[in-house]
């Protein structure tokens, strides 16, 4: 015991570190270049949002939850609104349901592209990083043209959506998807076979199926370890009830598998978006709101990073009595301990990035 | 006395010092611009490296409280002076025949690691854990790429010497002269493995992807350079520009030295053009098309590919091919 | 023109950017990455470069409402940036606290602690707006050098 | 070990040329729907304050002038999350999101970075009371079935409006009776 | 997976642990099923958790709350949310106000650790059997149990700091107008 402590030394990473999109402090015990221990210090992005939510009325909380995190920023208000709708038994019109899925899948594509792009950046593959980010701009343009902002769509409101999309908007979306599709196929090929990517990502940061199950990880992290979980299929909500969601699974459990899951999910999302546009129902986009009664309700959705849960408790007033949400990353952090065990120091940022950690989501 | 004065001028003005600096920075500017084009970008102005230096000159140099001040500030100068001397040893065929009396390829071999050593000194003087990690990485990588370099130098010397009928000709002036008479090594089948090894050595010694492990920005925050700022950082940039020029020039002298008919000015340009070509192949394009190796991967890479290649050429030269 | 002023005008054509996240929801940070790293906006055209160390920075881009836990670290990093330096607040959070104002961990706005020079409100601002902010910061930098 | 598989993409990039947009050296494109700075049209505002109610950033402040001449509607861009809920819930369409994104400003301008509108109260033509303005479009909708002079109705306070309408209705009933 | 028994069995087992009328089942418009259980006492938590674990349920999250507005006095409750084959199982326990303690279920559900640490620091509820005593999110400058205190009934609408903000801004504007 003493011998190892003599040999090891501590390397602090963060909280302000260039490879970290967000502040998190890691104290890493190193033995040469091998990781022997990791200690996380969180809380740098803890904004006390659950307390803030109790001081905002139900409308303000739509936007507040959207600001939990900007990468999954559509999933939060979407799920929050669903929790209010579950509570008050509001029937969201079919067109609004479908428009919500459109917004959700657009965000999923952007989020996944960002993550696999950043992965290339972390392994120093800057041309590939720029290439992926440039492809992501197709989706950024779609968001900006359809919704008016590149990150926060403001698409959802209680009882429906804030916007309606007309034929030109759908045409713009389909055109973007047509341009993106071959690029995703090409990216999939690169991430699967490029020697540099393979050399850096295969068999790195492995999470076995058993560990994934024991830690109850969610989203692409679970699916990259061979667990076929997806709320869109397991407990379908909104328009997903009528959609055929392809649950993408890879068996490797390593950094590469998780990246491949995300890239293949982009392809699945493209199919979903096309299906939505094809089957877009006509009609209103907003339900008439009843009084919000006292009670409790839960809503779940599959955010880009996995299962997202909202628990809402009201007493019949304008402000919630308790609004609690559990984000997908919250479940995945613990898995890092297993993935980083005996990893090389140069793989730390890579492995951390592979769970697509959303710190602002986790800490609220 | 005359000798030292002219040697000094060679170190400060041409081909070392001012000339090599200007050329090196210009090459870096071209490198960045070509790199940008490969990535569908416009890229910075050609003279951006000069602008960066002007900016660094206008900033303050902060010394970390825990650092060894003298070592911290002296470190960048080690690399810079070492490279200025090295640059004076590189003949520019048709314009400058080198200074065989000052040193041969072995001297260059000892001078070339100086910027890396400067980085290590600076990194450890800064007392930052990232600097320390960068130190150990630079050290390991250096060991790995020095082996193929030595083999390449010896192969070239052997081949040039064999033709003269003596032992290995370590003088670059002789190497250049021999090739001008008997054909360039770059077109000799026996020396092609050595050329390949040298092309792989270049990104290693210059610390560019896929071998930028000591300065891996996203892993250890630029490693040894982390704590440097202002003019001190500028000196590292200058040393790096000089080194780029030295290693590219050395490559040209070893493999493609033949000058053009014409004056010194024509041949200076011709020399620079060849440096540029070498840079585009081994640095710019290769950098754009790869990521970064893990330190252990980089280490094994050098022992697995460039070292055997260079040794093959050495053996062939030994046997008289 | 005075040669010294000409030199300063050249110097500001190499603004190196450094990003500090002071507890943001990452929207602005993602947009900063998009601004700084992708061919579409190519800030290198303006001589900009993203740097990994505060010691190399000229223009510091700050996002987030200044979380209590990260405050001292942010201030320390700011002190590590060599003079002359310019601070740009990106997004409404560092400027006013934005939607997080009043939270029990929020210690902002940023200008209580840091001398902010340029504000780029938005939630998040689009990359073009951030670029505008960087250009404004360059002017501030130039005037700070006395040109 | 390294096979330049990605090289093909890179060479294609050279052939395609830079994808860099001209901005900031040239103009920038902005989508029509872009949610930029909030704009408020005081001619349409009825002072219902739903915008303030739904604003999570508390960016909107509405205050009555001491002299009773009207109210100030102020939105501070520096805490506006550009979510568009105020526009979505505004019953009269007074609030719109412009696509002006030129939002960068110097620190000295920070506090004045507002959309500031004064909405004057009207003085009732009959009794002289201060009244909240009713936009023409809204009034047109409200009084679509009544044969009243909408322009005149708009200049009356609610009480006098009732009297006026009642009078009119009375006249109409009289007309019908005569007919 | 250890999933074998049908959820019906689990529902009946959990309902047996509840007080009278302590079990409710609801369904939303998408057809998702929600079971709500209110246990007879906090002592039954481990028993319930064992049953859930035996049925292969997955712990989703734990919500702590203080429904002071519903009751007019402090009253801490914990809601444990599980997923079992697509249905949500919420198990609620009411804590003893004099002794805010609850047993840890991290032996049965490994991912309970963070959740338990979180409600401990946010609500000051002691978790028996929790080893890691380091704060998760809350800075040491702030007191534990902050969620209890930041929500006095009187401050339900926008925070006081926003009011300060507008007072300051309007004063500045008035000054500027005077000058003009």
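Couple of notes before you dig in:
Letters are used for the chains, namely A, B, C, D and E, taken in the order the chains are written, and counting of residues starts over at 1 for each.
Definition applied: a contact is a pair of C-beta atoms (placed from the backbone, for glycine too) under 8 Å apart; a residue touches a chain by one contact, two chains touch by 3 or more.
Keep in mind that this is a model prediction, so the values were computed, not measured.
Graph distance from chain B to chain E, where chains that touch are one step apart, equals 2. Across D-E and A-E, it is A-E that has more C-beta pairs touching.
Centre-to-centre separation between chain A and chain C, using Cα means, comes to 27 Å.
Averaging C-alpha coordinates per chain places the centre of chain B 35 Å away from that of chain C.
Taking each chain's centre as the mean of its C-alpha atoms, chain B lies 63 Å from chain D. Centroids of chain A and chain B (each the mean of its C-alpha atoms) stand 45 Å apart. Residue positions 18, 43, 46, 48, 51-52, 55-57, 63-64, 67, 121, 126-128, 130-131, 134, 144, 149, 152, 196, 199 of chain A are each in touch with at least two other chains. Residue positions of chain D with contacts to 2 or more other chains are 1-2, 6, 10, 13, 18-20, 34, 56-58, 76, 79, 81-83.
The multi-chain contact residues of chain C, meaning those touching 2 or more other chains, are 39-40, 42, 45, 51-53, 69, 96-99, 101-105, 123, 126.
Note for the complex: chain C touches chain B at residues 7-8, 10-16, 39, 42, 44-45, 47, 49, 51-53, 55-56, 58, 80, 82-84, 145. Of all residues in chain B, only 32, 36, 39-45, 48, 50-52, 54-55, 57-62, 217-218, 221-222, 225-230, 233 touch chain C in the complex they form. Within the complex, the chain D residues that touch chain C are 18-21, 23-25, 28, 34, 56-58, 76-83, 101-107, 109-110, 113. By the touch rule above, chain D contacts chain A in their complex via residues 1-3, 5-6, 9-10, 13, 19, 31, 33-35, 53-57, 81-85, 88-89, 97, 99. Across the interface of their complex, chain B is touched by residues 9-12, 17-19, 32-33, 120-128, 130-131, 134, 196-197, 199-200, 344-349 of chain A.
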